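So that we are looking at the same thing, I have put the structure below in structure tokens.
Chain naming follows the written order as A, B and C, and within any one chain the residues start at number 1.
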Amino acid sequence: MLLEVDGVSQRFGGVLANQDISLTIVAGEILGLIGPNGAGKTTLFNAIAGAIKPTTGRILFEGRDITSLGASGCADLGIARTFQVVRNFETMTVLENIMVGAFNRTGSTAEAKRKALEVLDFTGMSLRRDTPAADLTPPEKRRLEVARALATGPKLLLLDEVMTGLTPTEAQAGVQLVRDIRASGVTILMVEHVMEVLMPLVDRCVVLNLGKVLVEGKPADIVRHPDVVTAYLGERYRASA
Amino acid sequence: MATFSMPASLPAGLDLGERRRRRQALSGLVVLAILLVLPLGIGDVYVRNILILTLMYTALSQAWNILGGYCGQISLGHALYFGIGAYVSTLLFTKFGVPPMLGMVAAGFVAALIALVVSWPCFRLSGHYYAIATIVIAEIVYLLFLNWDWVGGALGINVPFRGESWVSFQFRTAKLPYYYAFLGLAAVLWLASYWIENSKWGFYWRAVKDNPIAAQSLGVRLFRSKMVAAAASAFFTGIGGSFYAQFVAYIDPDSMMNAQLSILICLPAVLGGIGTLWGPAVGAAVLIPLTEVTRSYIGGSGSGTDLILYGVLIMAVATLKPEGLTGLFRIDGRIKPAAAPATGPSGSTHAA
Amino acid sequence: MTAETLAQVVVSGLLTGMIYALIAAGLSLIFGLMDVVNFAHGEFLMTAMYATFVLYITLSIDPLFLLPMVAVFLFAIGVVVYRVLIVRALSVKVNSGMVQIFATFGLGIFLRGIAQFVFSPDFKSLRGTMLSDKTVSVLGVFMPLPQLAASLVCVVAFIGLWLLTTKTHFGRALEATREDSEAVALIGVDRHFIFAMGWGIGAATVGVAGVMLSTFYYISPGVGVTFALIAYVVVALGGFGSLPGALVAGLAIGLVEALTTLLIPPSLKQVGVFGLYLLVLFVRPRGLFGNL
């Protein structure tokens, strides 16, 4: 068990965004986190990434309590993330962006560059090595986000809606990249809306609704689960599930 | 690892950064060589003075650039550290007989320490709150020194002449050694900036400036980064203050800690290009002679023409060309690559 | 020290504090609306003071009656500054925060330079106005009429500002734009118009304070710097973007400043004020009513 979320609740003022959520992530798997809008996926995602601190509950990474650790502490331990609204370093080139990530594991510029070039190659962005991040197309920017996170040498990679708005060709390339990342030994948690892309990709799925875990299981079972259908489409479609 | 089909033309050889660094190293050597011999060909004391001041503001602005340009924390009260540096070395010299060459090192460290104390609460604040805090705190310390008898108060301190030497950093007969001293300081700071640009600190600082939240997610400690930048910046600014104290041989709060100095410290970097290697130098080379000439020909310093000049320059750069003069002439070498050939949407091809 | 002296000091502090509050309110308004600190705010005050001076000298109209004219003048300046300077600064894609700071910082320096050039650094003052050199006595406390009038005008202006931002349709548009400047386009609000109005009102506010201030305070190119510093402290204490905060903090700062003079020589009276700033900085950076 790589990551364990134990009874996490998140309250923002009067809103209970996450309610007593528990789940586990097994090393080497690709786990999907889905649910309708407002289900609390992003909140949970941010809690795991260390960006926010849960109101109650614990999060354990490799047995260590990381609940109050903070984003940079989590990065050191091996949790990397992307941002839904892309946050590239606009004044830097693609290579430099990735190097920032690589510096997490080393203090040497030569070593960071070597690692960054490796990741550049792995994510297929070699052609864009010297391009300023501000000049990239949106899918390229997203890919840079992933590359940069990968450069930190993570054990767990958190992907926040990376497949949204991609053309079928781009999505295909994206799926391949995720598979390659897993093949290289990184565990992946994906928050996603684009079902057709997610379902064939993930090993397991956790469905959130209204701040709580609705159900979890294999994609094939999830898709047919009546509660999931209701959550997404409303009562009327329940019967046809 | 992934397999992929070879793209049409893989960028070969040195990357953009490496090419830039070679250009920078070369230009640095050339400029240094020129500056080393320059004063020998100029006898006019007035011109030499301008050169010395230009070098000083180059150095100070480069120091400011570490915190403001690379790390993105705008300090509008940097004269504070300049003044503290001047006072520390002068007080050590006049009250305890410590030779200024040693005193200035102490001055640097005291300035760095003050920067840490001041920055500790301020770096919890975002950009403009921080800028405001630097203004207010600079004013506080200015008033403090103005009313503190032990440091001379409003009357200031005269630096006594104890014989010409490098150790006491005093030269009465010729000002030339001061030129080389300030050149040395500017060169050291240029080297420091050159090193920073390719170091982990430099990368982290730029990440903090561009997108602090993303930086954090990659393991960058925001607070620690900013504190180190502040301390390094203050250290060198303080040393600059010490040099200047010895150069003018008289210090008081009005000449060492005033708001105008704060403007002159950050303006060259803003004008030349914030966060670039050559920006502060280019900015100082344009600004300082311009200021001196304006002052001589269009009324004295009470006429406000220098303020008008600074104000217009800052506004113009800020609104029209934020990358500064080096961006205008692409001096710094951060050249945009030619429009990339049409590639696939994700910029790569991947075997399915 | 007698109760009378204390009362005198307290009243004096509150009167001054009211003026501080209005000056800070303009700054806070602009910041609360669009997250931009106007580093030329002090120079707006200075401009209003010089404008009053010039109009008084040339037209011989009492400053009190010059209020509308100067307020409109400052309003126009605010709008022009927004349209010419701020819009450009905000449209910069990279490091726009830095650019914003320098744009207004440069403006302030520029305005100060112009004032110094045109009027010279010498201190000027308005003599022989309707209210000058008169004092009012209430319950044994003496209040110079100019300061009292200034304070009252500031109270009225503050109330007007409060009503404008909370009770009018425009005020609601202001609040909506502050919350989500991009979404308001959907309900027919032109955010550029709102921002320009915000700058105009913010400038006019400090303009009112400037007119009243010029009736009893020395006018010089550096006067803006002095009051801007106090305004920063007031806004830091009250909380950026909060009008009630500006009021409470302004009065508090005025009070602290006045009370400090009881303990320390008047030349050091800022000690109390700046000490308070440092306290806020270390203990509660977001101030009393603000959110960081």
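Some points to look at:
Note that in this section a residue touches a chain if its C-beta (ideal position, glycine included) is under 8 Å from a C-beta of that chain, and two chains touch if they have at least 3 such contacts.
Bear in mind that the values here come from a model prediction, so they are computed numbers and not experimental data.
Chain nearest the geometric middle of the protein is B, using mean C-alpha positions. With centres computed as the average of Cα coordinates, no chain lies farther from chain A than C.
Remark: chain A and chain C have CA centroids separated by 48 Å (rounded to whole angstrom). Per-chain CA centroids place chain B at a distance of 33 Å from chain C. One finds 40 Å separating the Cα centroids of chain A and chain B. Looking at chain A, one finds that residues 90-91 touch two or more other chains. Among all residues of chain B, those that touch two or more other chains are 209-210. Touching two or more other chains at once are residues 94-95 of chain C. Across the complex, chain A meets chain B through its residues 49, 51, 70-72, 75-76, 80-81, 83, 87-93, 95-96, 99-101, 103-104, 106-109, 112, 122-132, 135-137, 139-140, 143, 148-149, 152, 167, 169-170, 172-174, 176-177, 180, 184. Here chain B touches chain A in the complex through residues 1-2, 4, 7, 9-11, 15-17, 198-200, 203-204, 206-207, 209-211, 213-222, 275, 336-337, 340, 343-352, going by the rule given at the top.
Chain A contributes residues 90-91, 134 to its touches with chain C in the complex. Put simply, chain C touches chain B in their complex at residues 36-37, 39, 85, 88-89, 92, 94-95, 97-103, 105-117, 120-121, 221, 225, 229, 232-233, 236, 240, 267-268, 270-271, 274, 277-278, 281-282, 285, 292. Of all residues in chain C, only 93-95 touch chain A in the complex they form.
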